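Chain IDs A, B, C and D follow the sequence of writing; residue 1 opens each chain.
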Amino acid sequence: MTFLFLLFPSLIAAALAASIRPYRALVGWVNALLSLAALGAAVKFADHAARGGAAPVFGPGELLRADGLSALMMVCVAAVASLVLFLSPGFGRESQYSPSQLRRYQFFINLFIFSMLLTVSANNVGVMWIAIEATTIFSAMLIPLTLTKSSVEASWKYILICSVGIALAFAGTVLGYFDFVTLSGRAENALNWPVLLASAPSLHPEVMKLAFVFLLVGYGTKAGIAPMHTWLPDAHSEAPTPLSATMSGVLLAVALYAVLRWKVVVDATLGGGYTNKLLIALGLLSLVVASFSIVLSRNYKRMLAYSSIEHTGLMCIGLALGPLGVFAAMLHLVNHTAAKSMTFLLAGRVLHRYHTTQIKGVSGLLKTMPGTAGMLAAGLLATIGLPPFGLFISEFALIRAGFATGRPWLMGAVLILLAVAFVAVIGHLNRMLYGAPPEGVAVGEKGGRSLALLSLNVAALVTLGLTLPAPFENLLNQIVRIVSR
Amino acid sequence: MMTLFIVMISAYAAGAPGALLIGRGAFGRGVAALGACAGSAAGLAFGMSAIVSGRSFTLVSAWGLPGVDLMTRLDGLSAFFLIIIGLLGLAVAVYGYGYSVSYERRYSLRMLGAMLNTLLLSLSLLVVADNALTFLISWELMSLSAYWLVLTEHDGAETVRAGVWYIAMTHAGFVALVAMFLLMSGGDLTTSFAGMRANAAVLSPASRNAVFLLALFGYGSKAGIVPLHVWLPMAHPVAPSHVSALMSGVVIKTGIYGLVRVALDLLGGGPVWWGGVVLGVGAVSALLGVLYALMEHDLKRLLAYHSVENIGIILIGVGAGMIFHGYGLMTLAALGFVGGLYHTLNHATFKGLLFLGAGSVLHATHTRNMEEMGGLIKRMPVTALCFLIGAAAISALPPLNGFASEWIVFQSLLEGFNIPKPEVAMIMPIAVGMLALTGGLAVACFVKAFGVTFLAIPRSQEAEHAKEAPLSMRAGMALLALACVALGLAPFAVVPVMGGMLAGLGRLPDTRMDFTLGLSLASPNGFAKMSPALVAAGLLILLCLTPLVMLLLRVNRKLRVSDSWGCGRIGQTPRMEYTATAFAEPLRRVFAELYRPAKELTIDFHPESKYFVQSIEYRSEITPWFEKYLYDPCLWFVRLLAATVRRLQSGSLSAYLVYGAVTLLILLLIARM
Amino acid sequence: MTGYLLEIGQALLALLLAPGLVGFIRWLKARLQGRRGAMPWQPYYDLRKLFGKEVVMSKNASWLFRFAPYVIFATAVAVTLLVPLVAAPLPFDAVGDLLAVVYLLLLGTFFLALAGLDPGTAFGGMGASREVTVAAIAEPTIALAIFGLAVGAGSTNLGRIVAQTLSNPGAVINPGHLLGFTALFVVMIAETGRLPVDNPSTHLELTMIHEAMILEYSGRYLALIEWAAALKLLIFFSLLSNLFLPWGVATTLTPGALGVAVIALVVKLAALAVIVALLETRIAKLRLFRVPELLGVSFVLALLSVTSSFLLR
Amino acid sequence: MNSHDTFFAQLSTLGASVTLLFGVVLLWRRSLGAYIGAFRWQSLVLSAVFALVGYYGHDHELYVVAVVLLALKVFIIPRYLKRLYQRVGGEREAQPYVNIATSLIVAGLLVMLAYAITRPLVMVSKLPTRGGIPLAVGLIFVGLFVIVSRRKALTQIVGFLVLENGIALLAALCTYGIPLIIELGVFLDVLMGFLVMQVIVYHIRDTFESIDVEQLNQLKH
């Protein structure tokens, strides 16, 4: 029942946006409020899971399922969704978009959100695949909201690379299913995750290896793991601000979730070693690529995108570091969601004021928009892992897990790469914050509402940096139990 | 006891948000200063009472937050550093009240006050931390608050650059420290230091060495040892002067604290070469620090380089102690450590004093360039006197505190002949030579600094119209000046206490007895005796006696004031004075090999005849050695890598797809193997 | 008690002898150069004359200018209280050791240099700059010489060193000892501003160091400074003589021994004076930037002396 | 294994190889029209293979799949492709990144690679259709290669569709097709994906006046 509350609001919202023409500000408000219902449902699931309750299932052939892992993802997705919907264009009278554009925006973003929610609540890995493919399609429609050369280019690269990747993931899924079928005949529910997992120990290692390669490369493309990350900086920097916030905040995490689901199954077949090796290799590669790309990046939105790649790589490494690592990675995922969605939205404000994405074009931010500047600084310092923000703790836990599992050299490398990114980001940040603002840029802060909303993220980050609420900790432990059995 | 601790913490903790909320105006500055004052006073009292009682006890274990359990414990060493923090914090807070007036409506006073309190809080937590997590968190908090303080006057490009350098260096150090603690604790950072001690004992020699080297790097980058010192001369000048005093006096000392804590306490000492490395690094830092200071004409940069020098001297003492420790000569080891730590305390006082003095000068003349100062001794007498005391102290002149601690360091080096191996023992005389040269050059440098800044005729309008600093600033300086004198006169009281304080760290004996409480300070096994107090008394008597005798002998007491004699030329202008550059010229020539000065002399003659010179312009700058030969290559390398990685993102869609396809094929093939 | 009296006594003796020593060297040099020269006791007259004259002070100078001479004089006298001139060990041994002596003299130099800068004339600055340069470069040698002596005697306290050397005369002729002596001799020349480092009898701005600094001084202040300079010379002479060849120094406080000690002291001082005088007539002044080389040589000598004293332990 | 099965095996393998052949043909032709034609024939064969598997595997769901596939990939999508092709102007694959001859060689290599890689699958599978599995994987690779090596947006779409076909073939051959509901969902996705791509291609045409992806390199670093 709760599943309906989780999934339907966004569908209704999409329908609303589609049916009411021309666009009215009312639609924006209603959709935003609707998203709260989904959030409530997600929280309910999370609470249930944290209490250690059995995972509820729903629908024909147990289509949907919400164990701890799904619940956490649901909360992240729903939270970011409602944040973004509340900060979407088209609330006030004036907006840089035309009504038709706003209508398109409202329609697709809600479908996008719906497909992400479906991904994380799907029980059947096939359905999961379909949903993820859907996220690509809907978001690709949104990127060229205003037709510019760069936005079109970005969307084309995005949809082509990701569709190919996802197609490969489907091949992987087929192979997994094939192995199951050859073992125990055809079955309707064979693609249901628990069933798959139950029969996993007796599957053929050779086949599962191949399957996992397809899946990792496929879903990894979507998750922005190097070297399949190349679409990410373009898409994230060219998409409308709310979309890039959602993509960077949760879409990557959702794709990573898919990888994780399969990792569990494959591990059950072959033991952890194999998948861990692959994840560490690609994760480290992503770290290298991302942190060095930040050093020379001239465009702040691209810088943020690269930092997302960096953190995805970090999470991959974390997932490969045993229970402690999984705990750290999941914590990191939540923190990163909070931080990145905020920083992208703030970057949008900066862009709106300065009309440039070049770092050197933005100066004296502290003078022109103190509030935004302060929060941007907080967000960026959080992303590079400074106390008292959550990412400090999670990165810390991750490193610790690495040392505990006897990988000091790997962790040394990670620490150094993080340091490189740290210095680079600080340098870029300072260049934006200080100095004299260019002439023609209005001085003074506007739009207190969004800042107020974003301060929720800051609050969350600080809370997670100072303490770990008991229910949250339980939830994470549940996840660890699910992932590393 | 407990109450004092709570008072300290809560005062800082109240001061920070208080300043943040009220911020501006006399009241806001007052709130900030009050929080800092109360906190540091409490800390001072706390440390005193603890160190005198000589007991070490757990303050609070596992307080605050689930998941992150902070553990704090106070032993002699922590108490000692608490005293340093308290003493300097007090002076700085008082001084800052007056100094930050000039920041009103120019820079964010809220940030300044809040961060100052945060910095003091994190420092105090840092030295009482009892597990790695607490230590690292407060370490990072300290670095950050210091970073924001450095960026206070953020509208200068120089300032921002300095900030980035500072945060980069300190973060590199932080990374090393994280790795070190993880190595030492086997992954669990919440284990108390006691547990870590036990754990470190069973580590393999290789990993013990790794821990030591990581510690040296991590703490060295904070302490500013050569070649990790580059951020000091950038960050200290641009920070507000009382912050510079705090950073130079206390923040960089946390590096020393950490090194002693880890190398001596947690690791329980190590092989002799550890000590050798520390000693060598110290000697080099001392010498290079003072040599670069000599060439500086920016008063605060000069002082910053002297911080490098004094960190070097401290490390010489510590290193000697570690060497002796390695040979099991425990009493001598104690002597070395006492020397180093005593100098830590002393440097905190006189360097703090000097930075505050420089701040007053800056406050009055609005320039840091010594070439535009002069004659200030008549316009700001109190500042001049305080600065003179500081200068004499840092030049290790008796009877001030610099002399007392350097004497002990010297003694510990002289005792080097007790080392069984002559080839090792031969390190000591060389160190003695370098230390002595450092001392001599320091004297030269501070003759320059004081003479050019305060004496003779003003070289600029600002200096001409300089006004004495307001009361609060003078009070802050006076406090530290008194501390300099007191610590100089009473080492016989301080040193035994420190001997007791070190007892037990790394199996050091309680050497309280070896350092007699008599008036004269004696090094162990009666190697040498010296009593600054009596020397001071003697000097004082003679200073009074001489005029008295002259009075009795009825010498001519007439005094006529007139022009100074200059080979018959009339009138004297500032341009005739000896400049700081000229003053340092002989030494620049002597050490030309190191400085590699780039000179350029442009003379343009009168068009008629070349015997009439219209103007002579002489410019000469020295090569910043480390930036050029160490850091530039590193940066170049990083940029190279970055440029290479950049090429991946070529913009060509097909290339992107190829990456994916190739990855897929490679992984598939790997999977088949 | 007698000990303390003796301390005072030897300080007074030093004060008394110092100008004479300077005068004696001047006279000797004059004779060696074939001039008649002033009588050895001429400096006493000079001092009296200076004390009689009024002070002319630069209007740029501050209180420091007037305070410095007293400090310089006081440090010199204080050192004479620490150095064993006629007897050892003395009660003040525990007050200051060799390091204290060196740094006290450095304190004097510090104030002298500042006083040189105070009037703001080019000469003063030049002198100060050169003085501190020489002093700084001389430091390591002194420290190493101390190191050598300390290693030999097992202490840096002068009394102990003297006693130790007296107890085993063989030590005197060991190479370390001799090298140390030579090194300290060179340093003495640099510190007391004798040829070839500085020419005490010149007022040519290209060459002068000490004289340039005190150019602005006159009257009683000049007298004090001159006297202090003479004391410094005497101190270094007696350090050289009593630390390296301590025969004659009284170890028992009997009048006889003391008498012998005084005579021995005078003889040694005279001997060193002769050596210095001979040197100064033989060699010319070095260029300022050759001085570091000279001191470098002395540093090497000191290092060798320490090494040998290590190896011969 | 009885004769009935061997016949089925040979048929399926034949179908698979024909499908792959059309993929290779794609590499050989130049004009976009020919591309679309090749794709259409390939889809036709593919649906035939589905029907075949359905018949021998006694799985009636597969008939449905075959029909949908027929409708979708033989009629609907090619029609849209045609219109697209006419709208954006018949630009030829003038010079692909990799010339024809090399492309064909590479395709051969890829198929051999597929054989090497899918060895375990063939070992594991007990189905008579297992012989075609390597060909299916080979088709996937060929599809990838088409996307990578051609520079017209339209060609890339076709390549993507071929890739999809390869996966579908794989599903048919090694598992007699995945559950119907999923299969239908997949088809839906394929359709929507195709439509979106088409829209974006129009965008490209509007903003860049050509659909040569060569010029899509403004965003870099």
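Just so we're on the same page, a contact is a pair of C-beta atoms (placed from the backbone, for glycine too) under 8 Å apart; a residue touches a chain by one contact, two chains touch by 3 or more.
Quick caveat, the model's predicted, so the values are computed rather than measured.
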Chain with minimal offset from the mean of all protein Cα atoms: B
Pair exhibiting more inter-chain C-beta contacts, B-C or A-D: B-C
Longest centre-to-centre distance from subunit A, chain (CA-based): C
Centroid spacing, where centroids are CA-atom means, of subunit B and subunit C in whole angstrom: 35
Whole-Å separation of chain centres (CA-atom averages), subunit A against subunit C: 79
Interchain centroid distance [CA atoms averaged], subunit A/subunit D, Å: 31
CA centroid of subunit B to CA centroid of subunit D, Å: 70
Per-residue multi-chain contacts in subunit C, two or more chains: none
Sequence positions of subunit B contacting 2 or more other chains: 646, 649, 653, 657, 664, 668, 672
Sites on subunit D at which at least two other chains make contact: 117, 120, 144, 147, 213, 216, 218-219, 221
Chain pairs in mutual contact under the definition given at the outset: A-B, A-D, B-C, B-D
Residues of subunit B touching subunit C in the complex: 374-375, 377-378, 388, 392, 395-398, 403, 407, 410-411, 414, 417, 422, 425-426, 428-430, 432-437, 439-441, 443-444, 446-448, 450-452, 455-457, 520, 522, 526-531, 534-535, 538-539, 542-543, 546-547, 550, 553, 555-566, 572, 574, 576-578, 582-587, 589-590
Touch list for subunit B against partner subunit A, complex: 65-68, 137, 140-141, 144, 151, 154-155, 157, 160, 163-164, 167-168, 171-172, 175, 178-179, 182-183, 186-189, 638-639, 641-646, 648-649, 653, 655-657, 659-660, 663-664, 667-668, 670-672
Residues of subunit D that touch subunit A when the two form their complex: 117-118, 120-121, 123-127, 137, 140, 144, 147, 153, 156, 160, 163-164, 166-167, 170-171, 174-176, 178-179, 181-182, 185-186, 188-189, 192-193, 196-197, 199-201, 203-204, 206-208, 213, 216, 218-219, 221
Residues on subunit C engaged by subunit B in the complex (per definition of touch): 51-64, 70-71, 73-75, 77-78, 81, 93-97, 99-100, 103-104, 106-107, 109-110, 113-114, 117-126, 128-130, 132-133, 135-140, 142-144, 146-147, 150-151, 154-157, 215-216, 219-220, 223-224, 288-289, 292, 299, 303, 306-307, 310-311, 313
Subunit D to subunit B touching residues, read off their complex: 97, 113, 116-117, 119-120, 141, 144-145, 147-149, 151, 213, 216-221
